[in-house]
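Below are structures written as structure tokens.
Shared between the two complexes below is chain A, which pairs with chain B and chain C, respectively.
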Partner chain A sequence: MTHLKSREAILFGAILGLLLVVATRFPGFVAPENLIAVFTDTSPLIVLAMGQMAVILTRCIDLSVAANLALTGMVCAMINVAAPDLPVGVILTVALAMGAMLGAINGILVWKLSIPPIVVTLGTMTIFRGIIFLLTEGKWINAHEMSPQFTGFPRADLLGMPVLGWIAVLVSAVMLLAMARTTLGRSIYAVGGNPHAAVYTGIDVGKTQFAAFVISGMLAGLTGYLWVARYSVAYVDIAGGFELDVVAACVIGGVSIAGGAGTVVGTLLGALFLGVVKNALPVVDISPFWQLAISGAAIIIAVAFNAQSGRTKGRVILKSAEHAQ
Partner chain B sequence: MKFTKLMTSVAVAAGLFAGPVAADDMRIALVVKALGIGFFEAAAEGAEEAAKEIGGVEIIYTGPTDTTAEGQIEVINSLIAQKVDAIAVSANDTDALVPTLKKAMQRGITVVSWDSGVAEDGRQAHLNPSSNALIGNMIIKLAADHLPDGGEVAVLSATTTSTNQNIWIEEMTKVMGNYSGIEVVSTVYGDDLADKSYREATGLMQSHPELDAIIAPTSVGIVAAAQAVADAGKIGQVNVTGLGLPSEMAGAIESGASKSFAIWNPIDLGYSATMLAHQLATEAATAAPGAEISIGRMGTITLDDTNAAAMADPFVYDSSNIDDFKEIF
Partner chain C sequence: MSLTDNAPRHIPDRLRSPLQDRLVSWESLLLAVAIAIFIVNSLASPYFLNAWNLSDATFNFTEKAMIAFAMALLIISGEIDLSVAAIIALASTAMGVAMEMGAGTPVLVLVGLGTGLLCGAFNGALVTKLGLPSIVVTIGTMSLFRGISYIILGDGAFRGYPSSFSWFGQGYVFWVISVEFVIFLVLAVIFGVVLHKTNFGRMVYATGNNATGALFSGVRVDRVKMILFLLTGLMSGLAAICLTSRLGSTRPSIASGMELEVVTMVVLGGVNILGGSGSIPGVVIAAFVMGLVTFGLGLLNVPGIVMSIFIGLLLIGVIALPRLWTMWRKRAG
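Entry: the complex of A and B
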């Protein structure tokens, strides 16, 4: 436990260090308003990473989150075009429900047909994008077609921070509580930590994985609406490739790809680390040709750190046996 | 047997189509990528305008129902059978249409391509909506027009490897000398992703507080930059311009984040393609490298070594005309 704490402390330190380095080149970056803007900009990543974390903890992976986001976002935009006066609450409900449904499709395939999650979600990723194309024939839904309340919701200011940022805070808080204090949360850890042991304690592994996919899908759906509203545009390719950022955020945050290990706080910090890098690169005046390489290097360094601290932790289950050797 | 049958049906079909048309009418077929696309419907409107101006010309606006080369070949074969005088085609495939179009030319039909070209063998001339040099000049002119006293502008491009954007930016750099006082302070890349473009635009406004305009020669970038400017509360301070589609930019024009932007005008394009086809079909002009051909109100075009020509500067869209075009494309 102390090791986990220290891993997060290292990441937190890395983020602070990064902010300091950026501040030497562009002092305005660490101004409170800008930090809030960076947090808000990172919010979609945080929300998606929370769902992804639950999935990865159960030894699965969800590559369809960005496609789910795009499809749900497009459907929300289409509903808004068809019924501009529909309150945002209804749109949010639709987004959550539809995202959960798409996640449930992944979950069912993994649970009932025992197909490897990477294959399932690789498939549904393409299918979801394909469905958007079928729905729209490749056409865009643009800012002037959306109602002001639809696009205004995520950027509405609440106590100095846009609603989008507060949603990330809320989702993180709920996940923190759920992972630590609910039966489902504990089962998710148990299933990933040792599936066989989990079965013996009466946990249904498949069902738990299904639940994780539903959570991930639901959060992806929510982000779908927020994304479309924030950028005021919906088309087939929105958030293309974003699933990799989401997985990267989890991995940087110390979520083990092998399942069972990882925390909500770590994931939050992992997403923030990526968010700071993404927002800092445009302002520190680094050649765009270097930016991709720098982003990638940052991820690898962060993960290397994690692997290092993960290794020292080890899994000593019999202290006496170790000493006996 | 089969052949005679075919010939008969063709003759019948030709008779049916030719019926109401006066014998001396010239028939120009405008073949588009697919029917039902706003851009091409607008081009057809332009073609009709040209026909009216010339007089004695009938426009046959046609195309397949989906954007396939096979569909276009079928359509062109039936036009050959109808013995039209000219075919102006926006091709779904550069090479696939060549054999069919060659057959048309062998039968004395004038063939030109426009918008999306066919290989040199398959047409007498090709009309590009614009040229790289004209586009490069236009994007900086759009920004400079609203900065009479000069100012700082930045470019938000697609990816570092996007050929089109890189050529346009290069062409823009060549003519920078004509716009004194305008300084390009930075070129950033949004990778044609809404979120990255948005972030890059935000970054530009932060690192260059005096920024006056963002030029985005890409449709994803220009929309994202306009949104970023609106969200930063810098409408009126930073003008977003570049290349975009009216349907996608209507919101930005309305909010004032973008004062103007450019893209080809489909009406002008249909008009010019018809004029070009008419000029060649009546042998008022011949398609040869260096030939200058008059295309009515759009002025004169000059064919290059590949018998291709650029129509005109991209057309500028602003608050005065956006409403007419946002439903079209």
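Entry: the complex of A and C
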């Protein structure tokens, strides 16, 4: 019974309901091929949201993910232009390493200098985007300059689903295991749940936050290559503003912005919810201009809902003190 | 967030003299930076020291600074509003709709300010009545408000504002002193007095330092926060009037990304992002610093996106350097 009432179950129900409503008018939308296409289209959001979840769980926030994605993607594209024959494996390694490095910059500033994460990542967000401009002078790298193997990798079909989709499945599975079964995963929850208690149990709070930023950066770097290869274009503004979608996916998925609470499954469902909405709008003939307002409303409803269900029932001795905390 | 609040407080034997305090304060450090930037700029470009050019430069920061004053109070009280740029978009769109319906300048101004107030009230109600974290609420309303603009305008634009409306963004009060600059100065004084000289200002600090303590001392914490959200909305509405009047048109993408520059300005001005401390003079100097950097680099033909690197480095640098300095001193001593 508790399972039925859980946040994940309600969100899953909402997604199913959404699919049903669309399906009554356009049955083609719920055909397996189309569902796979929707999932693949949502994959970059899923991968980024997994990293963001780890960061938010430690009471931080990473607003630089989209800029990291764009910078790493651009560097991958430039490497491909310079050395078209380089195998995809090398590019993937570069993307992961570079993303992790950019994440480590955020992490170091938060860990060693204890600068508030929102300030650090606001700063690095603009710096990363600026560096892309310095590297390229604003030029684009287009499809014809990239090698076929570079652009083909995320689109390659594997058992009926593009590699991009499988990567989202793989990342989600690894995160599911890591958050539940590794010391780092449990530390991440502990740090967010109660930093003081975490210190007394021997967990280095700063180091754990640093690790979360590295994970987030690494996944952003990976998505950078996949994004550039999938759309076959790289320029300064790719994925502009996408960091907010990523935070939105986490919040809708029930990750508490105050840290310590949130699940991999919830985050996955949060990302899928946004993905289904985005893909369903054009099908039911609603202008894509509605998407922004809908995801905004979804965030507000989700966070209001989370707050209602998560409120601890204590004894209220001063009625008006209830909200102040 | 950090564990420093657990560490024992360092209490000096003797308090520093007020003069000494003032010399090493954040504001004087910023002022030194501003003067240095001013000197470097006037050496680097022969066009810098020109009254009209400098007057033009003020437009780089006046609209942002109007919001930054209210945002400073909001951040000091422990909340944040990331939806300010989206409020500008919605207020500007509302003014465009009113203009299409034949409204004159006074009505347009009322519509702009009213939309700002409504948006502020919406944010404030969600934060104070439902007890939701403001950062998430305003990330949500940021999409919602701008989304409504997109729904109304799509890829279109409103043009043809009445000529008297252009006074706000393009008018001059006296010689090179623009209307916007005068509004900026007047607001700086008003917000400075409110924060530093009134009971309400003390309540804002108290709320940000210890909301529960403030509540038990008789401060109506929720009401203070609600007023600050309303104020931030109102200022965003005012900025929307100025910006729309200056550009002469409304697009749904208007002022996109401005919330980050406003927050940068506030943090650069020495306001603690975690709440509890900060000053209006700091924000005023920070506005000048950002305006001068953008303008100086612009004269040197540095593209806008490269300027944003400087702003980003400035934001991290001004917080990191003093901390590195204390760490280095601790290690040395």
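Worth pointing out:
By definition in this document, the second predicted complex is superposed on the first by the 301 of 325 C-alpha atoms of A that agree within 3 Å, B and C clash if a C-alpha of one lies under 4 Å from a C-alpha of the other, contacts with A are read in each partner's own complex, and residues count from 1 in each chain.
Everything below uses one rule, namely that contacts are C-beta pairs under 8 Å (C-beta built on N, C-alpha and C of every residue); 3 or more make two chains touch, one makes a residue touch a chain.
Keep in mind that this is a model prediction, so the values were computed, not measured.
Look at A:I167: by the touch rule set out above, it reaches neither chain B nor chain C. Judged by the touch definition given at the top, the superposed model places A:H144 against chain B, while chain C stays out of reach. Of the two partner chains placed by the overlay, only chain B lies in contact with A:S232; chain C stays clear of it. In the superposition on chain A, A:A77 contacts neither chain B nor chain C. In the superposition on chain A, A:F289 contacts both chain B and chain C.
Residue contacts after overlaying the shared chain place A:S114 against chain C, while chain B stays out of touching range. A count of residues in chain A touched by chain B and by chain C gives the higher number to C. Once the two complexes are overlaid on the shared chain, A:L102 sits clear of chain B and of chain C alike. When both complexes are overlaid on chain A, the residue A:A190 reaches neither chain B nor chain C. 289 are the residues of chain A that lie in the contact sets of both chain B and chain C, per the superposition on chain A. Partner chain A is touched in their complex by these residues of chain C: 1-4, 6, 126, 128-133, 135-137, 139-148, 150-151, 154-155, 211-212, 214-216, 220-222, 252, 260, 263-264, 267, 273-274, 303, 305-306, 308-309, 311-313, 315-316, 319-320, 323-324, 327. Every residue of chain A that touches chain B in the complex is listed here, in rising order: 26, 28-29, 34, 37, 41, 44, 140, 142-146, 155, 227, 231-233, 238-242, 278-279, 281-283, 285, 288-289. The part of chain B that touches chain A in the complex is made up of residues 160, 186-189, 193-196, 198-200, 202-204, 206-207, 223-224, 226-227, 231, 247-252, 254-255, 326. Chain contact summary for the complex, chain A toward chain C: residues 59, 61, 109, 113-120, 122-127, 129-131, 133-134, 138, 195-196, 199, 205, 236, 244, 247-248, 251, 257-258, 287, 289-300, 303-304, 307, 311, 318, 320-325.
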